[in-house]
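Quick one: this structure, given as structure tokens, is what I'll be asking you about.
Order as written gives the chain letters A, B, C and D; numbering starts at 1 within each chain.
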Amino acid sequence: MNRELESLDAVFREMPDLKVEHTGPRRTRIQVEADALPTLLELLKGRAGYLHLSAISCVDWPDTEEFELVYHLWSYQVSNLISAHTRIPYDPGRYVSVYDLHAPAVYFERDIHEMFGVWFEGCPDQEPFILTEWQGPPPMRKSFDTVAYVNDTFEWREYQPEWANDPSGGKG
Amino acid sequence: MSTDPNQAVACRTVDAEERSLLGRVLDRIADHCRARSLFVLHYCTGCGAIELPPTMTSRFDLERVGMQPMVTPRQADILLITGYLSVKTLKRVVMTYEQMQGPKYVIGLGSCTINGGMYWNSYATIKLLDRYIPVDNYIAGCMPRPEAIQQVFLDLMGRIDRGEAQAWKDYYRRYDWYLGQQQQLFGTNWQAPTDVVGEAIRYRLVGEQTLGSHTAHLERYAPYYDQLGIIRPEPARMKARPQLEVVSR
Amino acid sequence: MNDLDLLLLVSIGTTAVLFAFGTWRWAGALGTLLYALQLALLAVMRPELPLASGIGFEVLGYRLQWSLSGLGWFFAIITVASALFSAWFAAGEWGQHRRNLRLLHGGLALNVTAMLILLASDDLISLFIGWELVSWASYLAMVQRGGPAMDAAYRYLVYALAGALAVLVAIAMIAAQSPALDFGSVRVWFASAGNGTIWTVMLLTMAGFGVKMGLLPLHLWQPAAYSESPGPIAAFLGAISSRMGLFAIIVVLAQLIGLERLGNLPVAFSFWNANEFWAWLAALTLIVPTFIALTQNDARMLLAWHGIGQGGYMLLGILIATPLGVSGGLMHVINYACYQAALFLAVTAVAHRTGTTDLDHLGGLINRMPLTYVTMLFCIIGLAGLPPMNGFVSKWMIYKALLDAQMPLLFVAAVIGTLGTILSVYKLIHNTFLGQLRLEHAQVNEVPISMWLPMILLALIVFITGWMPGLFLDLVDEAVVAIGITQLPHHLGGVDLGNGGLDMLWIVGVLLAAIGIGAIVYFLGNRSVRVGQFDNYAGGQILTADVPYQYSHQFYAGLLRVIQPWMRGGMAWGERALVSGADFLGGAMSGLYRAAPAGAYLLLAVLAALAVTLL
Amino acid sequence: MDFTHLFVELVLMPLIAFLVGLVMVLMLRKVRAKIERRIGPPLLQPLYDIVKLYSKKTQVSHGPMHEIAMMVALGGVIAMEVFLPVPGLNGLAEKGDLIVLIYLMMIPSLGLALGVGACANPNGSIGISRALTAMVAYDIPLMIVVAGVALFHGTTSLPEIIAAQQAGGMSTWGIVQTPVLALGGLIAAYAMLGKEPFEIYVAPAEIATGPMVEMSGKFMGTLFVMQCFQLYAVGVLYTTLFLGGGEYWISFLPKIFAVVFIPLAMTNVFPRYKTEDVLKWMWKWAGGFALAGLALVVMK
């Protein structure tokens, strides 16, 4: 078993400024710089068999005006889940696409673009996917106030209080 | 012209009072059979679809009252919306509703269709189903049990039998209002493949509000204005939508 | 100068006139009138059949003479009628667009003349002369559009000449033993000939004439040749040209050898007799092409493949040798000519408007070309052999004859052929007229009256004679009597046999009445509203014009997955093997010649001749 | 043949066919319900469905061919009934024989195929191509059976076949004298009904009820009426060929209901075959039995 872990540590040794933290028996958390992430993915894929990119998630940090992209990778060889965290600033909100390394990335990036507005350079398709009729700003940002939007856009059902005690709505 | 659909009961094409005795007998038979043979198309939008199998099959067996599940809207009488509706799904629901034929009924299953349910604060779900398509019955509950569903079906059958369930005509008579509501969500160039106003004219179900400022947006309905002798109003200005924050490309 | 001479004269005159004035605007109309004249002459000639012609001459001791028997007359009627409709179609707006129609009109007239000479032949040599003339005339007809048409016509010519050589050898064998070559004495000679000689002569003649008719191993040339020739010519060729082969086969099998003799001619080491052998070959010819037609993606190829298949029905009908079977087979000839010509014309009309006959890029033309649709609808029902149309009557007679003659397996083979036909004709009309109207065909409009009138007339003939088959059965009686089979008792509505008859007057009448009831029941319901083709159920998807969603490619995918392994083109492989073998031999021979000087061979040849004469 | 008597027959036979067909559709749904331990629909349910469909207020048609096709399909089915002899009513059975009847059965499917094609819906076109493939699957064994029966009785006219079978009471029934042929015929009749294992063209899960995808209101009503006629026709045809036709209605009705009951009882426990499997299965089993039966008939 340690031979596989050995290959994983070889990767970590090769990239100096990684902050690796084994958070569980088969879970590893890596904090990596934005520009170093693609090389990390390539190394993991080549050396340690991390073929499976199961998801890319995005966390919005409004106070430091940063997006945190988390790449969840799994290797059947090492059977260890890596979540690589990286931070990108708000204003350009652009990052490079890892589509050429992992094909499923196109849908995760498309989703993040739709929900957070991050533009992934090189991603083949970033058209609206779920919110096809949406005209507003990217809704999952913490800056977007859903309740205000809902109150502004939709009307509510007006209730007569006496319905409470006569559920058939007066028809008996 | 009152907006209550139940008053103007125009059966075939002539108002009820002028119908001959034979016409009234035929309609009585038709309503009798219509109530006892309802084909259900359940549009599994959300979590409610799982309530239908027990209702249809051996545990509660709706075939006892002549109801059959049907696959396409063309053959269905009842459209069962079973769960929350996102804006994208609503567009398909409206298309499906318009493809359904003749006396059609909509039953909203679950509180999500009544007031948005537990997704009330979501930007994507709609809150009031009857703003977009006329709804006959609502079943409160998250998710209601088959007994409740059966209860509503029996109530609807009774109203059909008495010839009261005419909400579907409301869609033709106040199409402009419905279209306005839909355009608020889908944008002003939204149009389903079905030519609703043409059908309204064909079946003499044109009301005061069939054509109005909202239908003026759509070029396809332009010829109907002069056909019905209505001057084409200036297209209604849509409510200002939240400004589109340009994402840097 | 009796009527037959007059007919031949008029026919040759028509050829000359049409070749001379081929490019004239009204050449088509002139041709139509002349064919009408020939048709009138044929009709006048009917009472005095068999009519001996005045022309006749001696050549090297063999008497060549021409006389029109009932059989020849029957085929002549179809030939001239098909030519009439083709010329009428070409005279219309279709012709105005083409620049030089001299070859088309002249070729058509030449074909008719050659066929009349063949049909009127009364002895083997005139039959052979007529046969060669028909071969060359149809080569001229096929070759007009150049390019692939040239290759297809060239391939046909190779087949036809090989076949003609086989027939020539057969005639030579007969001439060696029989005193004269006219049909009468040849029949006498056949009666006394031994089984071996009859088998060799029969095989040679069937090989020769089978080429033109498209019997199974010799059919590969026909689809390409008929679909590459220009529209009206394809209609004429499809309708009648391959039936010349059938005429010659009937002359040989029925009139010369005689169907009873055929019945007791044993096939070597098997319990079959010759009649069953040819019947099973006809059954194979019936099944294989119809299922190949199923896989075709081009409308004209599909129809051409059906041409071969339907030929199998006719031969099968005749080989049953009972009055019902023979008249069924012969009626199928005239029925088939009607709807095949109309189908080819309809496909030409579609090609005229949309520019293509590729079934994968057509669809939804019913709204744009309703009259062409009606023509194709009537004629595919006829081709499939379903009740209201005449195709059903002849197929029913063949089935009933097969059952009465205790041949159930042949009956099942015929039914399999019919099922294949029903499937492929539905694919034809579905991919062309039904389904989604393509964006590029949105502005297509109906063909002018000059083009749809002949088609609609043919479709009406198909329906009328389906309702009253007696009309065609009278014509068929002439041919049946000429073959020497007792005439089938029939009435206007059909046939009344002891064990289950057919009365189309009642069947079609009840069908139309029932459709009337269906209409009444239909109009009980409330009015319906006509919607466009995009107001369709597509699972919540919005259908748009630019996205082709028509299901037409691989139309019977399920069926094809089952029968595809059986259709590996065995015969096409055989043909290729033959061609490569001939190539190899040619190469070897030319190598031999180039190796030694020509003079040496001349010397050798002279010495060999000298040795032979001396010994 | 006096025309009044014939006219009464021509009117009466389709009506009887429709009523008996309604009861058969009811039996179909009741049997399915009982197998699924349900109560099943009320007695008049098929009639309610048809009246409801015909009384729909709005209907959609895709052009004149779609409407004419419905009339032709219904007309073809009604015309077929007139050639099916039933006790007391021979109709036009002398005018057209067994082969005419089999071909008249193909007219409704072709008429329906043209109408569905005019609807320009891909689901419908796929459904029709599967329906015609299924027709190839069951028609070959059916025709072998028809050949066997015609050969055995030496005639193809239905009244004579019935008379031949009724000559010696039960012992001369087709099923008794040619049992293997009768078995092949039963399997072919099963597939002709187009029920479960062979129901590749309605297939609600795959192609949204195939040909019926664009049928609303009276179009769907016509299809329901055709289903009644089809069940009745299969029942009567099989009874005519193998169960000695009908002398009296009391003995005739149980026979046709038994014939239709066997497939309906089995249909609810089967999944749906793929198109290729339908072809292979039908040609292997139904074709095999039919050919064996034919061989027996020919050898006799």
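The criterion applied here is as follows: a residue touches a chain if its C-beta (ideal position, glycine included) is under 8 Å from a C-beta of that chain, and two chains touch if they have at least 3 such contacts.
Everything numeric in this text was worked out from a predicted model, so none of it was measured.
Chemist: Can you tell me which chain lies farthest from subunit A, using the average of the Cα atoms as each chain's centre?
Modeler: C
Chemist: Using CA atoms only, can you tell me which chain is the most central one in this structure?
Modeler: Located nearest the centre of all protein C-alpha atoms is chain D.
Chemist: Return the chain pair with more inter-chain C-beta contacts, choosing between B-C and B-D.
Modeler: Most contacts of the two pairs: B-D.
Chemist: With centres defined as the mean C-alpha position, give me the subunit B-subunit C separation in Å.
Modeler: Result: the chain centres lie 59 Å from each other.
Chemist: Could you tell me the distance, in whole angstrom, between the mean C-alpha positions of subunit A and subunit B?
Modeler: 38
Chemist: Just curious, how far off is subunit C from subunit A if you go by their C-alpha centres, in Å?
Modeler: Each chain's C-alpha centroid was found; their separation is 70 Å.
Chemist: Note the residues in subunit B that touch 2 or more other chains, in rising order.
Modeler: Residue numbers touching two or more other chains: 12, 72, 74, 99, 102, 199, 202-203.
Chemist: Could you say which residues in subunit C touch two or more other chains, in rising order?
Modeler: 526-527, 529, 531, 535-537
Chemist: Can you identify all of the chain pairs that touch?
Modeler: Touch list across chains, by label: A-B, B-C, B-D, C-D.
Chemist: Taking the complex as given, what residues does subunit D use to touch subunit C?
Modeler: So the residues of subunit D in touch with subunit C come to 10, 14, 53-63, 65, 67, 70-79, 82-83, 92, 94-100, 103-104, 106-107, 110, 113-114, 117-123, 125-126, 128-130, 132-133, 135-136, 139-140, 143-144, 147-148, 150-151, 154-158, 160, 200, 208, 213-214, 217-219, 221-222, 225, 274-276, 278-280, 294, 298.
Chemist: Give every residue of subunit B touching subunit D within the complex, in rising order.
Modeler: 12, 26, 29-30, 33-34, 36-37, 57-58, 61, 63-66, 71-72, 74-75, 77, 99, 101-103, 199, 202-203
Chemist: Going by the contact rule set out above, which residues of subunit C touch subunit B in the complex?
Modeler: Answer in residue numbers: 526-527, 529, 531-532, 534-537, 540, 542-543.
Chemist: Which positions of subunit B touch subunit C when the two form their complex?
Modeler: 12, 72-74, 92, 95-96, 99, 102, 192-195, 198-199, 202-203
Chemist: Quick check: in the complex, which residue numbers of subunit B touch subunit A?
Modeler: 87-88, 91, 114-116, 120-124, 126-128, 131, 184-187, 241-242, 244-245, 247-249
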